[in-house]
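Take a look at the structures listed below.
You will see two complexes here that share chain A, one where it goes with chain B and one where it goes with chain C.
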Partner chain A sequence: MENKISFGAKLKKVMAVRELFMIILIIIAVLLLTIMSPNFLTRANLVSVLIGLVPNGIIAVGMVMCLLEGSFDLSVGGIMAFTGTLVGVLMLKGVAILPAVLITLAVGLLIGLVNGFFIAKVHVHPLIVTYGMQRITRSAATILTGGYSIYGFDAAFGVMGSKRIGPLPLMVWFMLALIIVFDVLFRKTKYYRQAYYLGSNPNAALLSGIKVDSYRIQTYAFSGLCATVAGVVLASRIMAGTPTAGDGLEMQVLAAGVIGGCSMNGGEGTIIGCFLGVIFLSLISNALTIMSVSQYWQGVVTGVILIAAVSIDMILKQRRAQAAVKK
Partner chain B sequence: MSELLKMEGITKKFPGTLALSDVSISLNSGEILALMGENGAGKSTLMKVLSGIHSKDAGRIIIDGNEVHFNGPLDAQAMGIAIVNQELSIFPHMSVAENIMANRQPASGGFIKSQQLNAEAQKYLDELGVAISPRTKAGTLSTSVQQLVEIARAISMNPRILIMDEPTSSLSDKEINTLFTILLALKRKGLGIIYISHKIKEVLTLADHITVLRDGKNSGELDRAEADEHSIVKLMVGRESHFIFPHKAPEGVTKTVLSVRGLQSGEKVKDVSFDVTAGKILGVFGLMGAGRTETARTIYGLEGKYSGTIEMNGRMLNIRTPRDAIQAGIAYLPEDRKLDGLFLGMPVKDNIVAGILDKVAPGGMMKESLIARNANEMVEKFQVKVPSIATRVSSLSGGNQQKVLIAKYYKTNPQVLFIDEPTRGIDVGAKSEIHKQLRELADSGKAVVVISSELIEVMGLSDEIVVMCEGRVTGKVSGSDMTERNIMTLATKFIDSSAQEAS
Partner chain C sequence: MKTKRILSAVLALLMLVTMIGCSSNKATATESAAAAAPEASSAPAGADYSKQEYVYLATVSTVPYWVDTQKGLEAAAKYLGVKCTFLGPTDNDVTKQIQQLDELVAKGVSGVIVFGADSAIGEAINRAIDAGVPVICDNSDVASNRMMFTGFDGHAMGETGAAVMDKLLNGEGNVIIGGFPSESVLSREQGYKDYFAEKTKIKVLDTINDEADPSKAPEIYAQALAAHPDVNGIIGCDGDSGKAIAQALENAGLQGKVKVVSMDRNEDMLPYIESGTIDASICDKAYMCAFFGVNMLFWYNNNVINPIEGWKEKGISPMFNSVDSGVMVVTKDNVKDFYHKN
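Take a look at the complex of A and B:
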């Protein structure tokens, strides 16, 4: 009896690893979509899905760090729009590409530091600080450009979208590399592991010698930096700075993180898990588009999926907790 | 042996209470100092000062003859002070190894060396004789094993002074023996150990010196050679505070209100039957893990499904939620006032009316005059010392917080009032006031059930005592049968026999 593990038990074990669960979910979604629409499994469609999710994928890295600490960053969409236009304005003012990008990254980092300062040192709730920052940055993007999109950059800046390696543009490879590198860093390095300690039990983390306040500030700075990278990459791809870019993106990424196994209470989740969540949500939205589901209905579908996914997770967790008690 | 640590004249104030007043202790290396005292005597507070969690208001901490100042727990750790807290501070989502080596994982270039991490953790687990894999998720372990993981964490810091705050409260006999072996080995290595406990037998086996605190002050020091149960108890309870319990219920009070038969729920409540009489105080006593609190929680609808019967005035109840229990006339004051009982950030008046919102909001609109009238009435009845009913509960002393909580539940007009650890963390003066108020509630016809781990309190307060062990009622004592010896025999009924079977 004890040597033989039943199929059901094995399945449970597999499902307990969130990433595998997500991959299975994505495979099911792909199969269904292929059956339902002949246009889905075409190279053009898949490449366009991948290109479309690049900003979300990059921002997911920073968001996961916030989620691990039991927090979130609602300013990422605004920061992306602001920095995406800032880099363009700088270049149009005659700053060379590399310095323009570096200045923009520094500004994004600074915005994140400001978020972190108010959250960790002044103890303002992250919801308020990051929502406020979202309003500020989006406004700033509009002010910067007078409300219009700006374009006319040096063609060399467009490398992220124009240069292809194999079937995919550079930006997709760049994002994938970022995801993989940071997934490993979050699993393996002492620095990023602190996020798990902090989210798991903040009081104990403090007593274990983790510099909680300073780490929180660094977390938001990191998230701001990720959003800035996304902004620059997006600007490079569309060769324009758009103040309305990434509207509502913060909630999409947050939802992807939670679907991908991050706990809103912190301490749980991985970069890959969140990224798989991003892929899943992109597939759903792509499916709705190619099946010509009305724009009006797309919100209903994604909303239902979000609540359903998290509900299933909670139910499974409670079952597991009960099973553990019985042992 | 040299003097490793000296704390002199330590004073610590909290809003509304003087937690420590001019307390001094001294510890040599290679020595175990037991710090004893009743709940609320100031043991934990003193250790939180020593481990840098609380700042002191006055006094000196001297290590190796030099005065030190701690601005936080890290400073204390740097001086070689490690503490195993009474409340667990486990990272549930992380592995045992990551718990033990929290923030000190072996790494090169920032990358954690998993193998070395697990090997190091394994070393400390082996040292403690804990047979678990360092890769296990800490959240899946039982509380007692989690505690061993915490002890492993403390030892892994290679401390010079190790503080153990009631480490045996959730351990089995075998685990306690293992722990003692380890502590004695650490002592031989030259560590100074401060061992907090209120279990006299443990202390007499383990300690070289005993310092007893009472009401935040030094009550006395004893060498093990001169210490015995009697001398320790005398220092712990003090002469005067021992005999000021209120009167008992008059003869001839026999009306049963609540009747519990064969109650069973989860792992902690296996077979519990008892009757609660109107006008009397029933004590429920048991050692840690006996299922006292869980029994009350089951009756209050907090533990989900149960089997067995709960009858109120002869009518069978089906309690699924606390709301059902309240409607049936049962109130339960939880053990952890701050966590489960009070709305700390809210004013006294809002706390008092929290259970009777329907009454103070006729037609759905809260009426400030009704709230104030109810709150003032209760503040007067239970003698809550507050500047105003608009004062936030968080700024009150433990005793006054408990009174607010009693007032809140009193307002729901219960027939049976369960109160779990009624005077935990409350200073002596307020303790006897609360005892008096509980007796007045009984005299006014309520049935009061006092759940407590303090034997002296249960005996002083109750008319009858139901004793539990391992989830079962092992007996009931009253009148002249109500002796410490009888009660302890019943409370350890299954524990002793299982120990004998094992040996």
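Take a look at the complex of A and C:
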């Protein structure tokens, strides 16, 4: 007898996909915001939201790799601020744009390598290493500029923000390309899939031939590089190097990752899922601005929505698991 | 099962209620200022300007300093019959301020007063102006096409405070300067340093970062006092410095022995001026800057001023470029007048 799967069962299976839950959450948020504010669903506002989430979206790529391994990187905001000012300082000292960018990328990669070395080889907890690096890079950004933002760059550097392809500036397309390419790489390529194995069972990963220490170092180097790319892109967009950029950004991206399906224990999550989390958080932030929510209430609103959104998903997940056990 | 279903529904409802309930206004769309502008050369009495929204975009937006700014906005809203909103990131991250400015422009507000804490917002100000939203810079100026600057020169403010400390210390002694690394605060610190170097024998022992955080600043100043037992005066360059310095001095039993010049008129700092722990506070005119700024933007939008026919279209701006608000000095003699509840 052919075993027919009901439409309801198929729907439940599809709904179990975290990304779909996120998409539905975003659609609900868009509908609510459209009803509550006629200023939301305008081209200008949506483009503004997309532009604003680019640094978080780029950093999310590196953060997901850390999360898949059951770890995290708290230094990304500091690296973004430091490298965003470094590229500016280099250009103001007469270094041409491309070499300045390449040097900055190399420095960001090096910072990530340092993180990875202390975590993988010296076995210092990632919280300590990356928090310490956050403090170092933030201070370094202030030292570089004396606390001031720096500007006066060659207009060509502003290409990320000024060049438009269709309705969106280049920086948005660049971020989308990174998200899509790396999401595919993490799903399909052996190299990136090792992050899942490592996060699910580090001992088994080691026994299966994965060079765990080396891979961890590469992970943090990658995260540092992503934060540096975000720093350079941001500096290009605002045409300034600002040492205060990205304050608290690491927690936002972490939260986006968890909302989007990453487990803090590792082994779960996707880049698309984290990116959808970034979009969701950006929508909340946008809603607070366009609805003129009092500053004093913004923390309450953001916190309640975050906890409620993830709680709903966890409850639904538990229900599905219990239903599966009963079968 | 049923419990979890109910809980899911309650959580969803809570999200919805929180979003709606915390919206600080129930106003509908904000029309463009140009569409609401009457053709008369003066804003007609009785006309409805309630759909015009003027926003003050700050940073570190939840600190007590902004009380006067918000009172100025409320007064302007009442006086003109417009909507005034106070917004801004809760930290010092100018990139968040830039993002909010872009979103406000997309929303189509009638005008924005930008707290110019960081010059990086200049490009965003230019984008706003290009999109037809007039912008005033307040407190600190930003190199941009902004319509006007209101406020004080940070460096000059530092010099004013330095002159007060000069008198308190009779021209010589050791001081510590506290603030945090924001452009506007740094310019005040530099004003103090330059005055001391050029006109006195006062030596700056240290410049410390109090993080503008009332929960951390007292300990930061206490440690600075312990590190410099020979200090004769402490200067606070941001609104949260004064109380923190006073608390550190009182805990160390040094009140009255170390002179203090602080900044602003935060309500919880004024008792320390009354008691004499703080000798003086250099205070800006935040209420007036906000009130004045909204009125200027309103005049700009509503054809109240008409010195040259078609000045807007012709790009001839009659608006003042820069308005120096000056500062006020709060001492034991006048501190009672600065309490907000009086």
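Note that the second predicted complex is superposed on the first by the 297 of 327 C-alpha atoms of A that agree within 3 Å, B and C clash if a C-alpha of one lies under 4 Å from a C-alpha of the other, contacts with A are read in each partner's own complex, and residues count from 1 in each chain.
Simple rule for what comes next: contacts are C-beta pairs under 8 Å (C-beta built on N, C-alpha and C of every residue); 3 or more make two chains touch, one makes a residue touch a chain.
Not measured: the values here are computed from a predicted model.
Applying the stated clash criterion after superposition on chain A shows that chain B and chain C can sit side by side.
When the two complexes are overlaid on their common chain A, residue A:M291 makes contact with chain C while staying clear of chain B.
In the superposition on chain A, no contact is made by A:V122 with either chain B or chain C.
In the superposition on chain A, contact is made by A:Q194 with chain B only, not with chain C. Taking the C-alpha centre of chain A as the apex, the lines running to the C-alpha centres of chain B and chain C meet at 130 degrees, rounded to a multiple of 10. When the two complexes are overlaid on their common chain A, residue A:L98 makes contact with neither chain B nor chain C.
Of the two partner chains, neither chain B nor chain C is touched by A:A155. In the superposition on chain A, A:I312 contacts chain C only, with no contact to chain B.
Which of chain B and chain C touches more residues of chain A: that partner is C.
Annotation: superposed on chain A, chain B and chain C show a minimal Cα-Cα gap of 16 Å. Against chain A, in their complex, chain C makes its touches with residues 1, 4, 7-8, 11-12, 14-16, 18-20, 22-25, 28-30, 53, 55, 61-62, 85-88, 90-96, 98-100, 102-108, 118-120, 122-124, 131, 181-183, 186. Chain contact summary for the complex, chain A toward chain B: residues 188-191, 193-194, 196-197, 199-201, 203-210, 267-268, 324-325. On chain B, the positions that touch chain A within their shared complex are 53, 73-74, 77, 89-94, 98, 102-105, 107, 110-112, 114, 140, 266-267. For chain A in complex with chain C, the touching residues are 32, 36, 38-39, 42, 44-45, 47-49, 51-52, 55, 142, 146-149, 151, 234, 238-240, 242-248, 285-287, 289-301, 304-305, 308-309, 311-312, 315-316, 318-319, 322.
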